[in-house]
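Note that the chains are named A, B, C and D in the order they appear, and that numbering of residues resets to 1 at the start of each chain.
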């Protein structure tokens, strides 16, 4: 019960944050940072939801970039309105994810991770090489959404955030929690218990990919410019993993806590220490994983 | 015997690479019967179970369940039809409590209960198999006898018509074994047909309506317990070895 | 015809780089079971040390290679003792995060060290030595890398299969707790194996400092490719690494020479081959 | 452990909110890469900037006002850069946005910067797309030449050699792709035949397959758009495979310092925006000052460019302050002050290590700083200027001797 109140309070604070930020000097800076934090939170959640089925994926950069590029191409080259480009990006990503999922999801552990990593890198090569469509490494300039109004952007991402939390919590409370946990701990037994493991994993993979791709489309329309080396950046995938493990895996609150803390640490360190701040960042990650193997949330959990 | 056959295999065979694990096994399970498969280690008993439950596809042969050919179905579909099984090496879902393990069976088994019903059901099942006091334990921390019970309870939760029990007696003390025998009888009395793999002869003598003896992946002989144990080949191949060591 | 032979030579020499950068990681992944994302960073530190030894003390890389490998080996053992040991039994993702943290630290220390220098290079006298046989160019230093890689693969293969340490490593690989029971000190074996794994990365770094250069970020790409090659070869299969590297090296070389725009596609094709192999034969194409 | 972390976090958070008072200071916000690939460029820029700040503040600042720079790390990533720009312009309220490196970042922050319209004295970005983004910004001063200037100089130089065929190799990120996309049509327009055009991935280069192809095509000129790291492996492979174009012309933004001393560098020609050997008085002075402060020679043009960035802006501010000094009590509003500084910059005529700095319109923008490029050639470990003829310090060796005809 207390937990419930706390989480509603948390969402409420996130919801009214722009109002608080409005009275701070450098409003838009705090808004922009919170936009980044929310985007990472969503990515981390999407990664966590998939890893609940036991599949640790490196496809996030691939789908993030795919979403970003499809959206950019449809808006810039074909003149589609932003909202349609986003929908098309989601459709295409879901089809790609569905195919990729059926092909790769029977692989386990490292094999799956490397297969999805390969997918991300292959997509990046395609985007760099197919210059006629993608403009290659020079990137594509498009328009920004809401004419760059940070409040509107914030609320769009906030709504997405709430929806993704909803999906994550639904999974935690429904029969999917049972099937995912079963698949993760022992897929063979799960099958014999009547769980259609392939379908469950593929569906989750598609959802996770669509979320990553949606965030990719947001990136396109926040900066109004994308380039392959920053949207297919593997560190997007590694960061999602880091945030999940840092916060606490297999939960809704864990990835959120991880993303918020890591992103804020990153921001604070980079503006205070400057050159070399990443060393401290790395140290914080190492120390946390050594002393809190269950992530920050592990502090509150019973042994 | 004019009893109804619920499950039948016709010459199922399994190769792993060039290795022949199971060859030409045909068996018939009558409704509400208990069929025991015995044989020395490595005889292919567990592989046979894996073929029937769909964990491995057969290399050749057919599996008939309630008159339908289910050879090409996957394990989940076989579970939905009503084939439940336990594993010899107990494999509870480690991140789940005992109750949640059972709930999983109820959720995705033959009846596909809703979450609310499944939770209700799993409480009943936990009580029925004497697991109620352990219901919040994490599966892997249970004592052995209770893990065996959990295996059965979880399979039972899928509402099977046929249960495949893989060495559920192994490692139990006499009192626990007695309890297990009663449990198996009670399952049979409920209308569930059972195939069991076991080594312990007195339980088979007591439980089995029909016994199949396997060796080197093939069926050696079959029949009533008393007939089978008298068979010369069996004494040579199986009893002669197993009993002496 | 000449071009074709040159393409083969180029491919074979390139495969030496792949072998030498993959070997150490294969030991860590296959034996210790540690997914070491920082492998490439240990390699990078090796390359930096080689360059420091050369520029500061005037010691040639071919001499300092032993010192550097040993230093990195000790660094590896130290890293194992204070950190990795604690995550051996944790989930794979925890190991990934821990080694990711280590890689960030090493990378950024290197950034501080190299400062405004974009790239560190050395020029030992044999650096651009090459033979020209019937119009076929063969680089001395790359041939050296290839030969050393080959020797290391064979030696490691021999050690794992024929010596007591190697056999204990394989025993530990197969069953950690079983190994304890038969009296093998698994912790010590892990320590040694991880140290050697990282030491090999350092050695690869020294070789890279001769044929390429060092930057703080040179390692990551090799980590990725090394993981991919290991998966292609099949976990814990050293001979497979040899063949996989050769195949990838030669394909890359042929692609770059014969296909217009081929080099731009080479990384994509590299991972495409690996993806296909994972899908068709997930246990690796060169099963033991 | 927990307590230790808590304390550290508290210190960091507190220090974040205690911002220094502005008072008698001129604050500039520098956006440069300080982590990730690109950090070396950022660090180089910072060295140049720090040198300039030290120099100005040591001589009493600008009429007593000291210069302070807030450095922010753009991580070479457009999205990260947006947040940092919001911090510099929104939270720290700096009036001068300086620095810059990647074109992608410059394009990505354009819309954000336009909300604030600071004085943007920008030393990065060469892409024509970046120029388009700032076409209407009359507060945007661009020091770095646009890439078409260098392609134009290159094409002119190539034409002067009498070469007919060119092989182009370019690295596959924005720098190389953009350069090649411009270069290929421009070269073709000048009547050159492009016999090879290939991209490669900078950072883990394997040049032998590419150069085997180049060797078969046997071009007059081998033109390579690459980064510093690629140059030496490239030249090693050229020698290894005995590739003998009449001229090898790589154009990295900076050279590895060791390259000049390597025998393979002999006869290699390239386009230079700046080298420590430039024949200007200011270049020598800069080298000395730099050497004195850091104990090393500058390694790339980013160091003097960072220096010029500050000096030029400071000169403009000084001119405005001088007006205020003349008439006691006179005050400009913020907007007036800004316009005055813009005016001063626009009229600037400054001697710099790069030669004269003035701002003139380029194809799209109003204030473009440097535009000249010199072609140099390595001769016995030294860079000699060979083109254009008015700056020439040596004659171009063309064609360069074949590898087998060379001494070592």
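The working rule: a contact is a pair of C-beta atoms (placed from the backbone, for glycine too) under 8 Å apart; a residue touches a chain by one contact, two chains touch by 3 or more.
Predicted, not measured: the structure shown is a model, and the values here were computed from it.
Participant: If you apply the touch rule, which chains end up adjacent to both chain C and chain D?
Facilitator: A
Participant: Return the chain whose centre of C-alpha atoms lies at maximal distance from the corresponding centre of chain D.
Facilitator: With centres defined by C-alpha atoms, farthest from chain D sits B.
Participant: Based on mean C-alpha positions, which chain is nearest the centroid of every protein C-alpha shown?
Facilitator: Smallest centre-to-centre distance to the global C-alpha mean: chain A.
Participant: Of the pairs A-D and A-B, which shows more C-beta pairs in contact?
Facilitator: A-D
Participant: At what distance in angstrom does the C-alpha mean of chain D lie from that of chain B?
Facilitator: Spacing between the chain centres: roughly 74 Å.
Participant: Between chain B and chain C, what is the gap in Å from one C-alpha centre to the other?
Facilitator: 48
Participant: Can you give the whole-Å distance between the Cα centres of chain A and chain D?
Facilitator: Inter-chain centre distance comes to 35 Å.
Participant: Centre to centre, by mean C-alpha position, how many angstrom separate chain A and chain B?
Facilitator: 43
Participant: Can you tell me which residues of chain D touch two or more of the remaining chains?
Facilitator: In chain D, residues 35, 43, 172, 199 touch at least two other chains, as defined above.
Participant: Which residues belonging to chain C are in contact with no fewer than two other chains?
Facilitator: 108, 111, 261, 264, 267
Participant: Give the residues of chain A that touch two or more other chains, as numbers and ranges in rising order.
Facilitator: Those would be 128-129, 275, 278, 284.
Participant: Using the contact rule from the top, write out all pairs of chains that touch.
Facilitator: A-B, A-C, A-D, C-D
Participant: Note which residues of chain C are touching chain D in the complex, please.
Facilitator: Answer in residue numbers: 3, 6-7, 10-11, 13-14, 17, 108, 111, 114-119, 121-123, 127-128, 130, 132, 135, 137-139, 142, 211-213, 215-218, 221-222, 225, 252-258, 260-264, 266-267.
Participant: Flag every residue of chain D that touches chain A in the complex, lowest number first.
Facilitator: Answer in residue numbers: 1-2, 5, 12-13, 15-16, 34-35, 43, 46, 71-73, 76-80, 82-83, 86-87, 90-93, 103-104, 107-108, 110-112, 115, 127, 129, 132-133, 172-174, 176-178, 181, 199.
Participant: In the complex, go through chain A and note every residue touching chain B.
Facilitator: Listed in rising order, the residues are 174-175, 178-179, 181-182, 184-186, 188-197, 250.
Participant: Looking at the complex, which residues from chain A come into contact with chain C?
Facilitator: Touch list, chain A to chain C: 51, 56, 103-104, 106-107, 109-111, 114-115, 117-119, 121-122, 124-126, 128-129, 234, 238, 241-242, 244-246, 249, 275-276, 278-279, 281-286, 289-290, 293.
Participant: Where on chain B is chain A touching in the complex?
Facilitator: 53-55, 74-76, 79-80, 84-85, 87, 91, 93-96, 100, 103-105, 107-110, 112, 114-115, 118, 154-155, 158
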